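In the two complexes below, chain A is the common chain; its partner is chain B in one and chain C in the other.
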Partner chain A sequence: MADLRIDLAGIKSPNPFWLASAPPTNSGYQVQRAFEAGWGGAVWKTLGDPILNVSSRFAAVSFNGQRVAGFNNIELITDRPLEVNLQEIYETKKRFPHHAIIASLMVEPKQEKWHEIVKRVEDVGVDGLELNFGCPHGMAERGMGSASGQVPELVEKQTYWVKEAAKTPVIVKLTPNITDITVTAEAATRGGADAVSMINTINSLAGVDLDTWNTVPHVAGKGAHGGYCGPAVKPIALNMVAECARNPLINVPISGIGGISNWQDAAEFILMGATGVQVCTAAMHHGFSIVEDMIDGLNNYLDDKGIASVMDLVGRSVSRYSNWGDLDLNYKIVAEINNDVCINCNKCHIACEDTSHQCIDLFTEDGRPMLKVREEDCVGCNLCSIVCPVDGAITMVERKSSVPPMTWNERQALISSLAK
Partner chain B sequence: MVPIQENPMALQLRRNFVELTSKMTKNEAMEEANRCLYCYDAPCIKACPTSIQIPNFIKKIASGNMKGSATTILEANPIGASCARVCPTEELCEGACVLNSSTKPIKIGELQRYATDWAMETNAQLFKQGQSNGQKVAIIGAGPAGLSAARELSRLGYTVTIYEAESKAGGLGSYGIVSFRLPNEVVDWEVEQIEKLGVEIKTNTTVGVDISTDEILEQYNSIILAVGMGAVPNLGIEGEELDGVHDAIEFVRNTKMGPLTKEIVGKRVAVIGAGNTAIDGATCAVRLGADNVQILYRRTQKEMTAYKFEYEFAKQDGVEFKWLTAPKKIIGNELGKVVGIECVKMKLGEAGADGRQRPKEVEGSNFIIEVDTVIKAIGQTRFVSLIEAFGLQHTNGVVDIDETTMQTSNDKVFACGDVVFGNGQGEAMVVTAVQQGKDAAYKIHERLTSFSKVSIVPKV
Partner chain C sequence: MSEYQQSAEEIKKIDHHLDSGFKIQYVYENLSGMFVEFARQEEVMLLQILTADARKYFSAKLQEQTLLQ
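For the complex of A and B:
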């Protein structure tokens, strides 16, 4: 049994699975149910001035019949009074003293506003604070959320104000709606953030109704952009986590968020530098009980790998993430097709023929349909193995290169040294 | 018209003949459609005698393009709604599905039904009559082959008249395939679609009786003979005239027309033969309330011609199979009613010309089975006199054709469907007949346009 406890910038929790600040963490009732189900922590739905909401609020994207491949929302921060939330945080913390409760905060970009709310939430016993600089809709139009999070100076200044007052660790939650997330992550670090979390949702419009021509979702026939999350955003989030993790100027822990649906996704984020993860869409799709397999699967994975603590897994793949200029131009892999496993759907053939390098031949041998890769023309793009529906039919295999490794950067350096 | 108070027995019998499988729900269809791999050069297409672009019609279901899906199917197969129900899919498209090698094949037949049911429910007009080219074609027989040929010819601009001896068009679909597999409404709709293209169907019109073959030959530029096959031949044994002896084709046909008979209720039934028609006769007898139904076959399970799924279906219906059993005599009582059938045990001997072992009687093994009803299902007779009235060459009633042109010995007369099946010329399936009908239509058009280079594939 591996040790799943984490310590993220001083915030301790029994496992790395936290519920993200979102509809699932709107009340004490919900958070307590989540802790009973096994969640290690919860970032309480963002506190701020009680505000109004609209109906409807959510939409999801299905892909080939798979529901909730992506999820979109136009819901705002908590619509419950601060006093009620503080009371419930206090009660929940009392019942679950060893679980992490983090208060997500969003106020106007004014020093006194931040000082006031920090004091009030810390008084009820939260384990940490998360500054919501990411919410892309509604709040942004009032100068909060991603409107702050897109301006590095505002991120730095507000983090600094919070740190002036805070006694508990401060996590700054970043918006992906920016060209380079490391810029705001660095700003947060300069402001004194103890950790950063990412990503918040991505600006999105889930769809258009082809019969009514309304947006999806719509509010009385009008729509506005929402925030996108769920499985579809995972690769975007993973890259942003990895970019921050490998940036030496962002030397604080990362809480990974974005499309994490199971222990495998979580392990990938942890390998790429996240100390823990936050989940929302998967819980909204399936309920709190999904954490059971997250915990179980991660534990079994760590046991299989002989790793005693999940903290030992953090960042193990970061050094493998680099720049294109550092990749070996002489490395060569090719596709190999096992015709005994192949079911002859010919998807690899047509994918290569129509959209890649025309190197998979389709022919008949002894009356049996066969597929074969012409290795000399194969560029090792992986496409055939991606579209292949059968495990083990196509393997990408390494071919020894006749020349030593050389990266683009090394090549350019060599060229300029020869020029001298 | 359904009586206001149908008696319970009649109601039960009627329920026994309601279509067995229900249509997929939208969720089921979507889930199944999304499972299709959309193979390139897909083997299911090659396995379909009418070459339906199966991955395309399935993709269209998944994308919500139901009109496109139904059009893709019916473009290739004018009888696509019937075929969705009666094709031996596990021997055709589904049998060829690559997923047989990994998980389980796509339910292509059920998806085809889902799409064609959409067309039936919305009654969308998917095809148009072509601009008249002034040519007239007569088609003899409004079965799958004839209807298929008619639709394609009409789209190509021909004026088409179908002569049908029965009171309704549809052929096998209307009269020969059990209702619980193929309800009449499906065939009626398919016929209606073809009539909407301007095809005239003259029912109750027997060629050679109501109109002479000479008149037909004279009045039309081309003729397609698509008459199918006739009644079950005599067994050639004593007692065939007794009350209680039925022709399987006739027996099934009666279940598709008008009220169901109550005469079979509680009866013991023997079916002679083990082809698909025998299975139909046997399962109809079960559904008409028979107490016991036995199929008597002079060979073994290995040699029987019924599809495996038909055999399994009959067993599930409680039909008993008596292998290596041949009828010798049907026994009647003083009122001329069947009371039993005398049989003899058989054993398999030398292989015959068709490769199947010939059965031989075991001497002295005669025995009697007590039955009230005997259903004959030992094949079908052929319309030899009609074929000869047209002056066409034939081999044992199977019209001789040039395989590439589909022309008979009279180059104005083309032939397709059951009338050319048999004698090793192909396997008798509805879907094959449909393709032959299409081919005959294209051959006629090819002949006409051979000098004008007109495209032979009609536009939607």
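For the complex of A and C:
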């Protein structure tokens, strides 16, 4: 049994699986049930000045039969009284002293507002704070959430104000609705953040009803942009985590968020630099019990790899994430088709012929349809193996290059050295 | 002509110049591809290289020449 305990900037939890600040962490009842199910921590649904929510809040994008491939919401922060939330946080912490409870906070960008809310939530015994600079809808129209999180100066200043008052670790939750998330992550670090978390949701409109012409969701015939999350956003989130993890100016732990649905997703985020992960959509889709498989799966994975503690897995793939200009131009892979496994659906041929490099030949041998890759024309794009519906029918294999490794940057330096 | 054949032709020309005692003197790239000046004493030959594989191959040859100098 591997040790799944994590320490994220001083916040300790029995495993790396936290519920993200969202509807699943709206109340003490829910968070306590989540802890009973096995979640290691919970980021309480964002606390702040009183707001009002609308009816009809969520929408999902299904794709080719997969329900909830993406998830959209227009729900704001908690609409429950602060006193009630604080009382429930206190009770939950008392009942689960070894689980992590982090209070997500969002107030106007004013020093006194931050000082006041920090003091009030720390008084009830939270283990840490997460500053919500990420929610893209509703609150952003009032200058909070992602409206704050898109301005590096505001991220730095507000983090600094929180740190002035905070006694517990401060996590800054970042918005992906920005060109380069490392800029705001650096700002958070300069402001004194103990950790950063990413990503919050992505600006989105889930769809338009083709019969009524209403947006999905709509509120009495009107819609507004929401925040997108779920499995569809995982690659975007993973890249942002990795970019921050390899940036030496962002030298604080990362809490990874974005489409994490199983232990494999979690392990990928951890390998790419996340000390722990936060989950929302998968729990909303399947319930709190999914954490059991997450814990078992990660445990088995670590045991198989001979790794004693999940903390030893953190960031192991970061050094493998680089700039395009530092990739070896002479590395060569080609597709290899196993005709014994191939079902002759010809999807690879069609994909290659129509949209790639026209290097898969169709022919007949002893009356049997066959496919063969002309290796000299194959650029190793992977498309055929991606569209192939049969495991093992197409393998991408390495071919030794006749020339030594060379990156684009090395090549350009070499050419420049010949300048007249 | 397939792209592979085209690059093979270009690689052959690069090798031919180098095997004939020419040295790579200058390289520039523009929208029309890569242009390489090969020089042998006073003689200068200009070769246009279009294909990606040949441009990669040329870069390796340039590296070889640089290492030998």
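Just so we're on the same page, the second predicted complex is superposed on the first by the 419 of 420 C-alpha atoms of A that agree within 3 Å, B and C clash if a C-alpha of one lies under 4 Å from a C-alpha of the other, contacts with A are read in each partner's own complex, and residues count from 1 in each chain.
We adopt the following convention: contacts are C-beta pairs under 8 Å (C-beta built on N, C-alpha and C of every residue); 3 or more make two chains touch, one makes a residue touch a chain.
Predicted model only: the values in this text are computed from it and were never measured.
Student: Under the stated touch criterion, which partner chain does A:69 make contact with: chain B (first), chain C (second), both, or neither?
Tutor: Neither partner.
Student: Could you tell me if A:347 is touching chain B, chain C, both of them or neither one (first, second, both, neither)?
Tutor: first
Student: Which one hits more chain A residues, chain B or chain C?
Tutor: C
Student: A:219 in the overlay: touching chain B, chain C, both, or neither? Say first, second, both or neither.
Tutor: neither
Student: Using the touch definition from the top, say if A:389 reaches chain B (first), chain C (second), both or neither.
Tutor: first
Student: In the superposed arrangement, which partner chain does A:362 touch: chain B (first), chain C (second), both, or neither?
Tutor: A:362: touches chain B, not chain C.
Student: So, A:414: does it touch chain B (first), chain C (second), both, or neither?
Tutor: second
Student: Check the residue A:403 against both partner chains and state whether it touches chain B (first), chain C (second), both, or neither.
Tutor: Touch status of A:403: second partner only.
Student: Just to be sure I follow: which residues of chain A are touched by chain B in one complex and then by chain C in the other one?
Tutor: Shared contact residues on chain A (touching chain B in one complex, chain C in the other): none at all.
Student: Could you pull out which chain B residues touch chain A in their complex?
Tutor: Where chain B meets chain A, its residues are 30-31, 33-34, 37-43, 62, 98-99, 101-102.
Student: For the complex, which residues does chain A have touching chain B?
Tutor: 64-66, 343-347, 349-350, 362, 389-390
Student: What residues of chain C sit close enough to touch chain A in their complex?
Tutor: On the chain C side, the touching residues are 2-4, 24-27, 29, 56-57, 59-60, 62-63, 66.
Student: Write out the stretch or stretches of chain A touching chain C in their complex.
Tutor: 329-330, 357, 374, 376-377, 403-404, 406, 410-411, 414-415, 417-420
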